[in-house]
Structures are given as C-alpha cells and as structure tokens.
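For reference, the structure discussed in these notes is given below.
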Amino acid sequence: MDREGRSGHHRPRDAIIGVNAVTICGTDLHILKGDVPETTPGTALGHEAVGTVVEVGSGVSTLAPGDRILASCISACGACRYCRIGFYGQRLAGGGWILGHTTDGMPAEFARLPFADLSTYKLPDTVSNEAAVLLADILPTSYEVGVLNGRVQPGDTVAVVGAGPIGLAAILTARLYSPSHIIAIDKAESRLQAAKHFGASATVRPDEDPAEVVRALTGGLGADVVIEAVGVPETFELCTTLVRPGGHVANIGVHGKPATLHLESLWIKNVTITTGLVDTSSTPTLLRMLESGQLDAGPMVTHRFALDEFEHAYRVFSDAADTGALKVVLTRS
Amino acid sequence: MDREGRSGHHRPRDAIIGVNAVTICGTDLHILKGDVPETTPGTALGHEAVGTVVEVGSGVSTLAPGDRILASCISACGACRYCRIGFYGQRLAGGGWILGHTTDGMPAEFARLPFADLSTYKLPDTVSNEAAVLLADILPTSYEVGVLNGRVQPGDTVAVVGAGPIGLAAILTARLYSPSHIIAIDKAESRLQAAKHFGASATVRPDEDPAEVVRALTGGLGADVVIEAVGVPETFELCTTLVRPGGHVANIGVHGKPATLHLESLWIKNVTITTGLVDTSSTPTLLRMLESGQLDAGPMVTHRFALDEFEHAYRVFSDAADTGALKVVLTRS
Amino acid sequence: MDREGRSGHHRPRDAIIGVNAVTICGTDLHILKGDVPETTPGTALGHEAVGTVVEVGSGVSTLAPGDRILASCISACGACRYCRIGFYGQRLAGGGWILGHTTDGMPAEFARLPFADLSTYKLPDTVSNEAAVLLADILPTSYEVGVLNGRVQPGDTVAVVGAGPIGLAAILTARLYSPSHIIAIDKAESRLQAAKHFGASATVRPDEDPAEVVRALTGGLGADVVIEAVGVPETFELCTTLVRPGGHVANIGVHGKPATLHLESLWIKNVTITTGLVDTSSTPTLLRMLESGQLDAGPMVTHRFALDEFEHAYRVFSDAADTGALKVVLTRS
Amino acid sequence: MDREGRSGHHRPRDAIIGVNAVTICGTDLHILKGDVPETTPGTALGHEAVGTVVEVGSGVSTLAPGDRILASCISACGACRYCRIGFYGQRLAGGGWILGHTTDGMPAEFARLPFADLSTYKLPDTVSNEAAVLLADILPTSYEVGVLNGRVQPGDTVAVVGAGPIGLAAILTARLYSPSHIIAIDKAESRLQAAKHFGASATVRPDEDPAEVVRALTGGLGADVVIEAVGVPETFELCTTLVRPGGHVANIGVHGKPATLHLESLWIKNVTITTGLVDTSSTPTLLRMLESGQLDAGPMVTHRFALDEFEHAYRVFSDAADTGALKVVLTRS
C-alpha cells in the first residue's frame, strides 16, 4: 500500500498510520484457503497492527499525527444499532471486521483505518509494540468470546478445547476470574506444555478421555464453562459432552462446516451455547492490565521477523505443527 | 394408586394428596413411544395436577391436610447445588422431574409428592382447578425456558416455531415483555388461528418463507428472539436461520434426535442458544398473575373429561391433528 | 440563534437543524432557579427538539439535509470510555448533556447539534413532531433511569412517587414489563387522575399512608420497585420505606439537597438504590414502539404554543399547579 | 446449652451438633451494646461454628451423626419466596439469621441448628476447624455483600473503607476478580499493614485525602467499586465521594444511625448503592476454594482460646485497638 496513492480516497473519519508491527492470525490462513468467500483475491490481508498516526481526517477528534496506537481488528462506526450497544463486531453501517477482510489490511508500510476514533487505542510508552499487537485481536477475542461469553466465575471448572494461540489466550484471560480448575485439551504435547505455562491446571489429549478427566474434577458433574478454540465439528461436539447441566459452551473457533448438536441429550440440560466475533469492547481494560503487568501474553510470541519478511513469516506460522509457532510478530526494522 | 398402600412408603418430607384435576403433557406421548428411556414400563404417567392434601410427613412445614395445592412437575429437594441457585429442574439429590418419570405420576386418586414444601403451591380460592393445572408444567416451561432464557425485551421481534400448547404458552407469556412483533410459525392453520388468539401479530406456515417474513419486519436483520416449541431437527434448524446477529434461540422442544448446527454461518454472529428443563422458579409469580387476571390461559383447554376417562382423553390428545386438542383436563367428578 | 452566525463555528461532526418543535423540561425550571450552577446566564435553554437537517459537517455520515430528526438531550461523542459502553449520559470527551446546559439549546430557529450521528434519530413519516419530541428526554429518562434501572419485572408491584410528567412516563413505560400493581403517589388529585389514565392501578396521597397501601398489596412485604420522580428529600426517604427487602429504589428526580439514608434499617435489607442521567440508549427502541402504536404518550401534552410564544409557554409550564400543565409543546407555525 | 434439655424441643428439620470451634463477630459486640433490639437479654450469642452432628430430626436428609460440618450464620427454610431465589438471609418463614439473634447461638457445648439441610456444609478432612469457621459468616459476607453486590470486575479499581476483619475479607475475595487496584482506607496503621498482606495495592488513612489517592489511580474518574466495611455515617459518606460515575457502592457495615446521601451531586452520576445481609449462597464455592488452596484466610486469626475461655476471648476481641485482634477462634480442647 502506498501512502499517497491511498490518501486520495480517505474519508473524514479515517486515519493513516505508518505500520510499526503486525502479527498473523489463524483467520488469515482460513482466508488463503478460500474459507472466507467475502474476501476477494488481491485484498491485502492482516487485521492486527501497531502503528504511528501520520494523518487524520477532519472528522477524527481523538487522534493526532505522531500518536502511537493499536489498530484493532474491528472498526466501529459508532452509530449503528450494534455499535450503540457495544457490539462493534456486528456490521450494519460499514464497520465491523473490515481490515484485511473487505478492504486492504495491514502488513504494509501504511494503512488506512476507517472510523479511526473508535478503532484505535493510544499506547502508553511502557507497552511495547510486540505486547500491544496481541491486543489487536487475539486477547480480546479469547477474553470476550471465550471467557466473558462463557461467564467464567471464581471457583469454576473451565475446559479449553484447543491450545493454539486462541486457546492459550483463553486460558490466560480465564484466570482473571479465578476458576479452580482449567483443563486444556489438545493433541500436541508442545501446546499442552504451553497451556501449563499460561495457567492450565490439568492437560489431556483427546484420546485420553477428557470427559473422564473433567468428571473426576467435578464430582461427575461436568465443566461449568467449556471454550471451543479450534473450529472443527469434532471439537465443538466434544465441548457439548464436557459441559455440566446449567453450564456454558463458548465457541471461539472459526468454523467452515456445520457440527452436530446432540439435542436429544442437551434439551434437558439447561445449557447455554454462544458464538461470536470479537467486539473489542474489552480492549481498554486489557490494555490497562497489560500496562500494570497483570497480563503477560509475551511468551506467546515464538517467532520474530522484519516487516518485509512477510512470506517467510507466513510459512512459519502456517507450519505451526513443525515450527511450534504460536504468534509470529513482524516489526519495522 | 392406593392411598393406604402407598402411605407406608412415604418419607418425612412427602405429602399425600387427593387428586382433583390433571392434564396430559406432550412429553407423556414421548414416553409412551419409548423416547424417554429412563421411564420404566408400568410407571404411572402424569406430572401435572391439582389436589387436596390428605397427609403430610413430619418434615413438611408449610402444608396441612385440607390445603388445595398445585402439584408441580418439578420436585425440588432444596438442598443440592442446583436447588440452592433455583435450578430446581436439575437433579442431584433425588429431586427434579421425578413424578411420572422415575416414580409414579398423578392420574390416580391419590399421589405422593416428594419434597412437598418445595414442590407445591397453595391455591387461592379464586383460581380454579382447571386454570391452576396449567401452571404445573406448561406455563412455567414456556415462560422460563422460552421467554426468560430467550431474554425477550420490550420492542423485540419474537419468532415462535410451533404453535402447539407449548408454543401458544410461549406467545402468551412473551407478551408480558411487550415485544413489538410475535411471529407464529406452524403447519396447521387451526394452530395459527389459536396463535393469533393468544397474541401473535403475524402467522406464517413453514412453506411460506418465514425467514422472509421475519426479515421484512426487522429491516432485514432477523428476530431478536426465536423460540423452538416443536422438538425436531428441522424446526431447530429453522430457528437458527431466523435469529439476528446478537439474538437468542431458546429451545423448549423435547428432542429425540440430533440437529445440525450451522456453525459455518453462526460462528461470527454472536448468537446465544439455550436449552432447558423447567425449574418452576416462576410458578409463584405466574400464579399471582393468574389470580390478578393478568394471564388467561383458559382458552388453551379444548377438551374436558372425568378423571376415570383417562384412556379416552389420551386418545383425543394424541390425535391432536384431527381433534384440534390443545390441552385436555381431567377432573374428579 | 442565527444560522449563519453559528455555522462558522461548527465542527466536522456537527449538524445544523431547523427547529420544528420543542418542549420544556422541569430541569429547565431548575436551571432558571439557579440549581444547576454549571449553566451560565445567557445560555439558551432547551434540550428537546424535533428538526430538519439543513447542513452537516464533513464527519457526519448518517444524516443529510432534509432529514427530519429527533434531537436528543444527550450528545454522545461515541469514543470515550462511557460512550463505548452505552453510558452516553456521562461526559468524558465533550459529550453528555450539553445542549441547553453547557452550550446553547434549542428553542430557536436553528440549532447546532454536536456529534450529530450519535445524537439524532431519523423520524419515520408516521410519527408526528409532537409525539417525537417526547422522546428527546422524558420517555427515555423515565424508562432507563426509572424502569430499567429499577429492574421492573412481570408480576412486580411498582410504586411511583410523583405523578408529574416524569412519573407519568415511568408509569407508562413500566407497563411494558407487565407489573401486577402500579401505585402512584402524589399530592395533586389531578395528577393522580392522570396517573390512572397512564396505567396506575392504585393511587394514594402522601398523607393517606402509602406504606400501608403498598403493604396491603404485597402481603406486608413492600414494593419490588420504587421510582422516585420528584427530587426532594422527603420523597426519596418515602421511597426507601416503601421498598421490600431485596427490592430496588430507582431515583429519577433532580435533587438540589441531600437526603437522609436510613442505613440503620436498610443495611440488612438487600436494597439496591440507583441514580442516573438518561443515556438515551433506549431511544431507538422507544421510537419503534411509538411507531407501532405500542406506546402512546400523546395525552401528556396538555398545552400547545407557537415557537415564538416561548415566554408564555414557560409561564404555563412553571405554574403547573394552577394550569394543570404536564408537557407543553411549541411548534413552528 | 444442654444437649438433653434441648433435644426435647427440636423439630424434624433440626440437627444437634457438638461444637468444635467458634469465632466472635463484630455484630456480637453490637448486640451487647444494645444496637440490635430484637435480640433479647439472655440469648446465647454466636452464629459461627464448626461442629460434629450428634442427632438429626426425621426431616433432615443430607446429614448423619458423626458428620463434621460448618454451621452457617444463616438458616434457610428453603421454602419461602426469598429462599426460592437464594436470598437465604431474608426471613419470611422462620429462617434467615436466627442463631445468636432470635434464638440461642453457639458458644456452648451443643447447638441446635434449624433447617439443618440448608444451613450446614459438610467439611472435607483437609479443611481445619479454624479455617472453616471463617466461612460461617465473614468470608461469604464480604464476598457476597461487598464483592458480588459491588460487581467487581477484572481491571477495576476497588476502594475498601475499613480494614477490620470484614474489610480484609473483602480485599481477599475481591482479588478473585483481578481488579487492577485495591485501595484500603483505615485509621489504624496495623490494619493497613494487614490490608497489604491480604492484597491491597495501596493504603491510605482518612486524613490523607483518600479521594485524591483514588483520583490519581483512575485518571480523575473515581473508583469502579467502593466497599463500606465499618458501619458509621462518615465512612458511608466517604464511599459516595470515592465512586466514579456509573460505579457501585456496596455497603457491608452494620449501621446504627442514618447517613446523609448527597443526592444533589449523586443524582446525575448513575451510581448504584447496595446493602445486604449475607445469604451464604456462595458458601459451597468458597469452601471449594478453601479446599483447593485458592483462598487463605488463615492469617486473619490472631488469637486462639479454649471454648471455655469465652469471656477472655470477648475482651480481647472487643479491645481490638489495643490487642490488634482480627478474628479470635475458640476451640474445644
């Protein structure tokens, strides 16, 4: 993306930023595979960045050139029915998830941010680019769509299915509510190790009877909250067998196929199932906690690249099984 | 059931009632077809009654012989983890839905009610047996599992899939929250007529493109709340196509088979899906509203029988397509 | 206010409207008496209007000249911490209640509306100016600060202390939740009559022992919700004697003096007391209900004037005890 | 109290326990001073105990002789309107806070526990008498009435006014929700030290301008949650000056006098004020967390006595300013 070339198109509520750091999201891999049909070929991917404001439209009131900001994956128009209730992720009037989805995204020198007042967050000096970029999507996604939708409460037993970056961020942020047990479920031993690092109190592979592990910890009852962090039918269906009567299943995974919902056993169980795209309404709170040291997502960054090593970074990230990549961060050198 | 025969078995928290009126539930038909495997053959069915207390155990503190009471479908032990939070329908310590399910039910001269203090409600003189018996299951079920779980709010658009007794009771009780539109969906014209009587503002058959009807009323957005009141995969799946992003699907139907959950479109839509057995925690409130005339479920009773016309009543109820039966009430003559 | 004179000062997110109709708020009387010290002499009062857009700034995206709109009493910047959670009434970044408070208000030919995208609502043709102007403040105030903060639920007993316009609007909107009883309390017989018209089921003067009336309707327990709609210490203190253990007192009144809080009896009673300025987050919903005929606040308008009869209208409104004025509406002739 | 003498009076839902350990509550001191008029002279005080069941009535279903149990300060009938929604502290049918209040309490060899199924909790072997007795009142009180009523959330700033046992328990349990800051306010340096031990991140004396300390930590906004843990007018009024617009003031203190509520500044601030007696609905959760080591209230016990050293223990506890007593525990030797 070229700063001058684009600046002719921007609207009063836009800001132009120089990009300092970006990361790659599992969703980008889904787009490359063709799973997200509304993203047309040629769209620059990427919806997570930290940058420095270089220009603001006349309708932008809270930003000025030179501000170092977090560019959130969600652009909120602020005026539609959903924005008015903080559901910034749902789009009615041009907002929602647009960067790297329906308009060009951010692994470029410059990026145009629509509705910039509501889509960016000024960064305190004490928060590094690398720490901040994890707030663009993964931390608020796991916290809002997993932990808050799942209504984790002190003393709960929480099962997290999938210990990739999203699952790990769910484990990290679930701990803010002091559950008694967090059980991480994943096939990969390396991810289960990471899960323990981020706060899982127990780990189990899918072939080791996770339902039995959950029952053993809950007097046979099941988990209070189960968080789906993979996005395939099998893992979703596993979630619905782990939850206790009256419990919550919070789906974070991006799904390409339908799942089977076993209503013949679930109808009587007072279960709540939620889905969701992140709204980023928690971003200010998470940023405050990052600043105060309450949250440390740093160890999630396993690989670092220069901004122009984009193809290499993508390869490392998409070969996570071999490379052990969790989050890769690309920084302006 | 024989009063003396049984009274030898009762426990301190039991009450024995003489049965004055009962009704038949769609769930009873499911049991007769073998859909509820935990109910063993020979169990007397029926979990909805009005009766007069004839005897109370030493541990019963709020009832006395002669009291006319509603016998609720749910028996709450009051002491288990679920009862302590008002989830009376979930069983941990002998309570929950037991009458006509795991122990003998109520279309008999006498019935034994376990945990009687928490499972019965004294009836004011102004509430008839026939009006009261609809509070034993159908009204609290539709209200709690449909309207409250679905979080109906003033101004909402509510779609109710299925206009049998449960769907009609959902329409009637949804109106307590002043939604702007209630759309009833059913195959049977007679049930759609009944739906209008109970307060539906629009009716539509499944083959008339209900999704389009909902979109037309909601600016293309979808329904705020969709209530499933049938219990087959097709109707559940219809519900998930009618709901708006951020909306609620509340399942009331008793399902015998799994349904398909289209996570490939739902993952991004912030949808909440709930299931549930009634807790009857709303029964005191509904009883107060029945007494004050705020709720009138009377027109739901289409057929009346004597208590000993049980087989006939069952036939009429199970042939609802031909007989037009909604609720049938059997009364001691 | 002069259109040209002002237009030089407006900012990109402003709109200029031609004023079609306004009303006068009890708060305006408080300002005239000097009770609102942050409003400086010479400020044009008025924060409730319907108008037609004549000009929009470059940062306004949802309005165009010619749109007939409701100008809400609250201007939401949309970007501050409070706006992000729908608390539009609380000001951090220039928004909140500013019209007729900290900047010039609306009984003029033209008005400048800051943050116009978030502070206005397009009006459907079927909603008259007079009906709409009641949505600028009084209906959302009573609904949000009284009914929603008070958590009125079906079957509740609600006491409303004060049957002036705010109290009447609280009665009208409380009915959306189907309480079983609404008890209006006021000194003026004419207001109690109006309360009955808007849906009060019982009325009582303060000297007729309202606590006893409430107890009689609630088995001695007290009201589930008590709404304060006057703004003097005596009425607030009355509210805290009417509420049941576990109930809610929702204060709407604008207070100039402290009240006594009887913690020596309230500490043990699980009471929730709320205060609040309107956020107008309910305005879209209320507008929809006005359009569909679910809400009819029309009878609240007792006096009508031309826009240039402002002084006369103020006199009539401030002499409500004699004139019987509830809401007065001034319309462009 | 004499076991045989009493057993003649007990009812089917009672249990008789042999008392193993008790503690003394600040409320007991209030009673001795005459602040609680419904407690008649001669009533044995004490509403917090751990004991061993020696006898159960015929209506008790979950306890058996030999069970070691926590005797909660609240006896829940389980059947009244309040018990049905988990408001066990509010009394309608003989339950609520009765032990050591309206009936004899527990610093005796034996105690009679009404409604024993709902008023006791079986103790796992790994939880000591001394740890458990803090769950009889102080921990659930501070957690429910302070932390849960106050709606503490991750990232919040919480101010706790009063760092006696109740305030310290509020600090300890507020941490379960990961607030960013907990500010303890007390006159006594020793209590502020204890507050730091239990997790306060800042401490301040009332004469050191606590409002300024709170503003400095919150960008001038005020605390999200303020917890009153003293019970005098001055501390309550301080709370209402510390809270931010939209924040919560949760009163735990037992008050003997009214306070002044500054509605002239609070009316516009969307503040929520709650009061409450503990319901003990959180006791099972807290017990689980005690067992798993998530909660350690142990350091709150500053003095230990034998059960028959009751007078001495009372003196030490009531002279807390000199003795530094927080909780004193009396154990059967």
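So that you can tell them apart, the chains are marked A, B, C and D in the order they are listed, and the count of residues begins at 1 in each.
Methods note: a residue touches a chain if its C-beta (ideal position, glycine included) is under 8 Å from a C-beta of that chain, and two chains touch if they have at least 3 such contacts.
Values in this document were obtained by computation on a predicted structure and should not be read as measured data.
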Quiz prompt | Intersection of contact partners for chain C and chain D | solution = A, B
Self-check item: Repeat of interface A-C, chosen from B-D, C-D or B-C - more than half of residue-number contact pairs shared
Solution: B-D
Exercise. Please compute the C-alpha centroid of chain A, do the same for chain B, then give the distance between them in whole Å.
Key: 40
Exercise. Enumerate the residues of chain B that touch no fewer than two other chains.
Key: none
Quiz item: Touching chain D in the complex: which residues of chain A?
Solution: 153-155, 175-178, 180, 285-286, 288-289, 292, 294
Quiz prompt | In the complex, chain B residues that touch chain A | solution = 82, 87, 89-90, 92, 221, 231, 233, 236, 245-246, 251, 253-264, 266-277
Quiz prompt | Contacting residues of chain A [partner chain C, same complex] | solution = 12-13, 57-62, 77-79, 81, 83-86, 93-94, 117-118, 281, 284
